[in-house]
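To start, I am sharing the structure in question, which I have written as structure tokens.
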Amino acid sequence: MIIGTVLGGFLCLGVLGLLGSSLAATHRLIYAGCLVLAATATGDGLFHMIRYGQEAVPAVVLPFGLPWLKAHFRLDSLSAFFLVAVNFPAALASLFGIAYGSHVPEPRRVTPLFPLFLFAMNGVLVADDAFVFLVSWEAMSLSSWLLVLSNHTDAAARRAGLVYLVMAVFGTFCLLSAFGLLAGPTGAFDFAAMRVAKLSPLATSLVVLLAILGTGSKAGLVPLHAWLPLAHPAAPSHVSALMSGVMTKVAIYGLIRLLYDLRGAVGWEWGFLMMVLGAAAAALGVLYALMQRDLKTLLAYSTVENVGIIFIALGLAIAFRDHGEVALSALSMVAALYHVVNHALFKSLLFLGSGAVMMATGERDLDRLGGLLNRMPVTGVCFLVGACAISALPPLNGFVSEWLVFQSLFKGPTVAHWAMRFGVPVVGVAMALAAAFAATCFVRAFGVAFLGRPRSDAARAAREVPWPMLAAMAVPAVFCLCLGVFPVMVTTGIATVVEPLVHVVLPAAVLGWPWLSPVSLTAGSYSATMVLLSGAGLMITTLLLVRHLGTRAIRRAPVWDCGHQEDIANAQYSADSFSQPLRRVFGQVVFRAREEVEMPPPGSTAPARFTLFITDPLWTGLYLGLQRVIDAIADRVNHLQFQTVRRYLLMMFLTLVLLLLVVAVRQQ
Amino acid sequence: MTGFLSSLLPVGPADPLFWVLGLPLAGALVMALLPDWRHAAWLNVLVSAATFGAAACLVFVRPVETPLLFIDDFNIYLVGLTAFVGFSTAMFSAAYIGRESRIRRLAPRNLRFYHSMYQAFLFTMLLALTANNIGVLWGAGEAATLTTVLMVSLYRTREAIEAAWKYFILCSVGIGLALFGTVLVYLAAQPVMGDGVAAMAWSQMIRRAGAFQPELISLAFVFLLVGYGTKVGLAPLHAWLPDAHAEGPTPISAVLSGLLLNVALYALLRFKMLIAANGHALQPGPLMIGMGCSSIFVASFMLYRRGDIKRLFAYSSIEHMGIITFAFGMGGALANFAGLLHMTMHSLVKSAIFFAVGMITQATGTKRIADIRGLTARAPLLGWCFVVAVLAIAGLPPMGIFMSEFLVISSTFARDALLAVPVMIGLLITFGALIWRLQGMAFGPPGQWVPDSERTHQSALVRAVGMAPLVIHLILALIAGIYLPDALVAWFQAVGKLLG
Amino acid sequence: MTSADQIVALGHVSYDMAHLIGAVILMMSFGLLYQRRLTAVIRLYSFQAMVLALAAAWQAFVQDAPHLYASALIALLFKGIAVPFALNWLVRRLGIHRTVETALGIGPTMIAGVGLVALSIVLVLPVTASAAAMTRENLALAMSVVLLGLLMMITRRNAVTQVVGFMSLENGLILAAVGARGMPLVVEISIAFSVLVAMALFGIFFFRIRERFDSLDIAYLETFRGERR
Amino acid sequence: MTAFFFGLLHTVLVLAVAPLLTGLVRLPKARLQGRQGAPAIQPYRDLWRLLQKESVIADSASWLFRIAPYLVFVSVWLAATIMPTFTTDMIMTPAADLIALVALLGTARFFTALAGLDTGTPFGGLGSSREMFVASIGEPAMLMVIFSLSLLTHTTSPANMIAYVTGGHIGIEVSAGLALVAMVMVAIAENGRIPIDNPATHLELTMIHEAMVLEYSGRHLALMEAAAMVRLLLFMSIISSLFFPWGMAFVDDGVAGVALGLLAWLAKVSALAMVLGFFESLVAKMRVFRIADFLGGALLLALLATIFLYVSEAV
């Protein structure tokens, strides 16, 4: 089994990194190895999807793990699909790392853990019993936690690590209990047994709730997202790319595995809940992103948004399935998985781009960048493609998946229940807002970072990054275009993955090339290929027209700017000023955003200062609130440490008497 | 010597048990007389190693059971574990004590005393584990208390003396209650088993426990729970534990957490088996679950306010004892297995942590957590071992404790979700505290450090001997998390059945 | 009167005698709770120890178990004579206050004590006499003595009285042990406990505990309780 | 075959008619302001003149600044070709539905805004910031309009919608009315008409769209202007075809029907242009931050439109 050897390889690389990380060459070697292995795994996944289709490779049992259970591994089409979605970006990140890996603050804290991180993620995908699944799951959190702590001298990174690991373990506990319920008191922890397990309705609901909590906390679903914007940016960029673009997908995989494979029938209410949570995540996530000045934090928040979109689609799938609309259910699953692939692609592309920017300028703050497009053309173009894709602009891939999600969302009211009928439009509003905000957010990100005039010397002195990094960004950019232009192939591919989950395959006729018309021929269709072709045609026409009707003369001149002509780069619109209108409208409500302008008295030469305060209500309310409670209790309990021996004896005495009373009462 | 020992011990030299018990006893006597403490330190290592060897033989030749001593599936691996941890701790203490004496914290007289007491302590532990007679079990427990009290007060500082005193008083009362429980058990057994030793031999009682008077053993169990529970350190009986751990020499903290608590719990479980075999008596489950939960919660909140690194991990021991008690309280094949596994893993990992803590405190010259920073940057090997150990104790895979916690929580949740929730909350709170402290100590810019000139210049060999136990323990815990030998699994499952 | 009747009668007599002695010991525990003066407490304790010795001897005679005479002897010599002597010496040597500081008033303490006795009686009621190696009454008495000892430890601030409380608790244990028909190891147990007691006394002397043994030093109490706050 | 021909015709026509329409809008405004006003063909002259001029490009601008106008113009034009105007029998109609149309307009806006930021001038940034702000609420509103229409007609493709509406499947619907109002509001915002924005202004601080294209000149400016004109036409055709589809030709109608549809379309859009002109001279421009309320209103109306469907269904 190829994937097995790949896993072994990752492990060996990790050990090699632990041993030989003192040599500079080792780092490059390890990243190269990761590249090869990840590429192999991608190939294996693709091959499996094409060759086997639905039927799974029989489970492999290895003699470790729980003694009476052993470790089960299995590769079915779902795992194979996620193998591709995980390992392709992983390969890119490794390629990026070959050049970037030695530029992180302390490479020795990063390189050995990188392959282990990949190992853990792949382990989750091929696990076929709860123990292996959770061990890999935890290993994933653990390795990424250490990666977040790789620049451990930064207090913010340490705080991020703490929040991250605690949240991760919270999620693990939720999954643990869910699996416990599925396995039953006898402890049948292998998935095969869980599929046939009989559960009471209450238990089923508990499993679903715990699964949503557990995987949601990993995927960054609001309100469990608080760790994500802290942790993802703290890691080195090629790791952030994996955490944001890939690890969240592993969480999605866990959810699908639990709710669609292990639990066949789930009530539509849960679908509705997921939909609403997803909508909240989508809208809030991108709003947060709009307010950020730190490029990587911005990207992390936009991950929250995209996870929200995926959750919307998954929730719809559940609701449809519960109401017997299997075709629509399949459609929304396809939409969800399509978005999984897309987000994995462009989010890793964007994070790698931010890494390139950091390497070139050492800056993450948008307001200290600017004008990079001229100095870093390739990075700029790739980043632009990524920005367009994530803003769902045709003909790129982001649009296709969002189009599919919208299509299935517009069919939501076919589920004849008032909650769905009135809920779906609201969710629609949220998602539409999210889409529009995303465009604004990335106009802001790209425009401020790459266009205009440089806002700092670092930005002024930026140089293009070495070729492996460029290649690592160019490849996904190309794929963003391909997946956007030939969507039908992708959807047919995904349909085979979805079929065993919803027991219906999208009819091929409806998906006939090149028209992507999922529901029915009349219900609305999209043909990226034709759009692109006619667009190209119109472009040529335009060029010819302009060429023949007009001159081609061009003069370079100082910027006009209505004659103002100030040259200070800081007179440009900054990131904060760009988001000011939206901040005025939404920020003050959602984030209690406060702006303070202090003007120097007339005549003084002191500069005027503008300071912006943004608070995350969920963070201050939920998390800090929890912390306060724990502190209060800890203070109370702490008194126990400072008693006299007599008091301690008293405690013993009371315990004894209490227990004796219990016995006395029981024996009467 | 052999003759002298055989006069003391109820088994013959042909029996490995004879050596398991005899070697430490003889070692205690010899080291009390040995003039130079350096020789004592190494002799300590040798004797412990030999004891471990003898204990290992038990796996192959299982001695015939006598009314006083016996070996069964339950105590065989605990004997092995105790002998092993005793051995590795002896290695660690050889290096540790060396440094301590160089910086004049310990006088040679104390050191001689220390080594002798160390062996005596091991002897009492092993005796308690192999005891068939519940009276002997009790006596060994008391003797263990006395020896450890003496070692806790070794530094003669006011803190040490107060800690020792607190320990002595609380545990003496606990022992008294335990004795009363033991007498009650005898009272219940005597009419069935007839007079004399037979009515105190566990292995014979368990066969006919069904006929015992249920009320009596229920009553007995309460006294035993409070009595031995005090030594286990279950909240609210835990008060002695943190101070005794914190103020004694670090090797003693290691064996306290790693061995003594286990032995006390072992004693409690023996009686739980009796009750389980009886069937009509009150269910010990709820009582143990209650005390387990209270321990978990008290410990988890205490962790947030600890400024002293040794107390921090002492409280984490309380928490883990709580988890184990909870698991046995739940009962059932999975939970019992988990409890037994957790006992083993905890004693391995927690002693490893105390090894690390000992080296850290000696290297930084402080016990205050706030002053310990950036270990991974300053001393990579030690620092990362510490990180791994703490992660293991916090219950993260691939270490063994994850497996046991996995089994406890999942099985509990499947049977009674409401019981699992508080445990999970407690574990989460504990986890937060541990990771918070760990990050502060292991990461960030390096903190204060005793310059090597002031630190003792030990030979590489001694340093290695001091470091080896830590690494070995962690490797064992790692392996156990991934693969458990079949023999161990068989023992666990057999014991689990008896525990009901 | 047939021999069987004699045995039965003897049995009755023996039980009644044992109960009588046990009751006396219990009374003395109450006395200990009631006493306000240190010397009197010590004297009462020595009486209790002597009565315990008597109980042990009686059991030795009834069960004709000679080894119990040994524990009777230990109780008499060590606890009845040596320990009180040592305590008095300590009191003089360390200049300990002669009056007993109580954490809980005498009255409430007595009430609590009665409650404990009631509790132990309730607890042993369901025990059917035939199923135990000891009569319910004896068991109840012993348990009450144990609990009263513990009560004394937690309601007295004075170090010596607390030690006395511990020792009377232990008297209850020995009472139970000797009362148990044919229980082995009783002697060893009493020896073990004597060691504990000796260590306690030694500790008081060694650590110079004048007032209360929940701290070694009043002034120190504030600054140190396990960990700096 | 006819589909291809009509599609081509439509594509050309859109480009040809758009400037005229902009001219038509200006007529009533001039009249109401008491001016003679420029003839309706003036926009053609403007475009021609701009094409002849050389293009001055700020030296701080990147290459994106130069290709943006082409991308913008093409995507708007492409969007326009999707929307059936005089007949639904056009090759491009199945290629994309209304969602794609919105996205194409979004693309145009995306690059316009980037171009505004590229020169690094305060006004450019101001323009793109406000443009994206307007769009962030306008685009969702339009999507919701489409949502409600698709719920009404079970499709998102304009051609099928029109067929459904003219097929007489629905009578006078409350939700359709609400959707229309919302659509009109969105159209005003998207085209930067009064009261959202004033296409004729050159007072910098009040500009939105003009501020973005401030640095453009020559043919690039011409393309940007043309894009704006086509967009205006597009929105007018959307309103006319979706809400007043009468007179439109369908697949099987002959050339006569198409001719009729053509006339109907021209009549409808010029009428709309007149109305817009009158309307613009009646109202005053609103403050930037009031725009949120305006478009939020549109969004709510669109939402109401969907809700009302179930209400009218329930009774």
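So that you can tell them apart, the chains are marked A, B, C and D in the order they are listed, and the count of residues begins at 1 in each.
In this text, contacts are C-beta pairs under 8 Å (C-beta built on N, C-alpha and C of every residue); 3 or more make two chains touch, one makes a residue touch a chain.
Here the structure is a predicted model, which is why all the values come from computation and not from measurement.
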- [ ] Average the CA atoms of each chain to get its centre, and name the chain whose centre is farthest from that of chain C.
- [x] D
- [ ] Determine which of the two chain pairs, A-B or A-D, is joined by the larger number of C-beta pairs in contact.
- [x] A-D
TODO: Could you give the separation in Å between the centres of chain A and chain B, each centre being the mean of its C-alpha atoms?
DONE: 44
Open item on the list: Report the inter-centroid distance (CA atoms only) between chain A and chain D in whole Å.
Closed with: 35
Task: Inter-centroid spacing, chain C versus chain A (mean Cα positions, whole Å) - done: 69
Task: chain B-chain C separation of Cα centroids, rounded to whole Å - done: 31
TODO: Please list all residues of chain C that touch 2 or more other chains.
DONE: 123, 126, 150, 153, 213, 215, 226-227
Open item on the list: Among all residues of chain A, which ones touch two or more of the remaining chains?
Closed with: 641, 643, 645, 649, 652, 656, 660, 663, 667
Open item on the list: Multi-chain contacts only, two chains or more: what residues does chain D have there?
Closed with: none
TODO: Give the pairs of chains that touch; include all such pairs.
DONE: A-B, A-C, A-D, B-C
Task: chain D contact footprint on chain A (complex, rising order) - done: 370-371, 373-374, 384, 388, 391-394, 399, 403, 406-407, 410, 413, 418, 421-422, 425-426, 428-429, 432-433, 435-437, 439-440, 443-444, 446-448, 451-453, 515, 517, 522-527, 530-531, 534-535, 538-539, 542-543, 546, 549-551, 553-562, 564, 569, 571-573, 577-582, 584-585
Open item on the list: Please output the residues of chain B touching chain C within their complex, sorted ascending.
Closed with: 133, 135-136, 138-139, 142-143, 146, 149, 158-159, 161-163, 165, 168-169, 172-173, 175-177, 179-180, 183-184, 186-188, 190-191, 195-197, 199-200, 212-213, 215-216, 219, 242-243, 246, 306-308, 311
TODO: Enumerate the contact residues on chain A facing chain C in the complex.
DONE: 641-647, 649-650, 652-653, 656-657, 660-661, 663-664, 667-668
Task: In the complex, chain B residues that touch chain A - done: 165-166, 169-170, 173-174, 177, 215, 218-219, 222-223, 225-226, 230, 236-237, 239-240, 242, 282, 287, 297-298, 301-302, 304-305, 332-334, 374, 376-377, 391, 396-398, 402-403, 406-407, 409-415, 417, 420, 424, 427-429, 431-432, 435-436, 439-440, 443-445, 482-484, 486, 489
TODO: Mind listing the chain C positions that touch chain B in their complex?
DONE: 123-124, 126-128, 130-134, 139, 142-143, 146, 150, 153, 166, 169-170, 172-173, 176-177, 180-185, 188-189, 192-193, 195-196, 199-200, 203, 207, 213, 215-217, 220, 224, 226-228
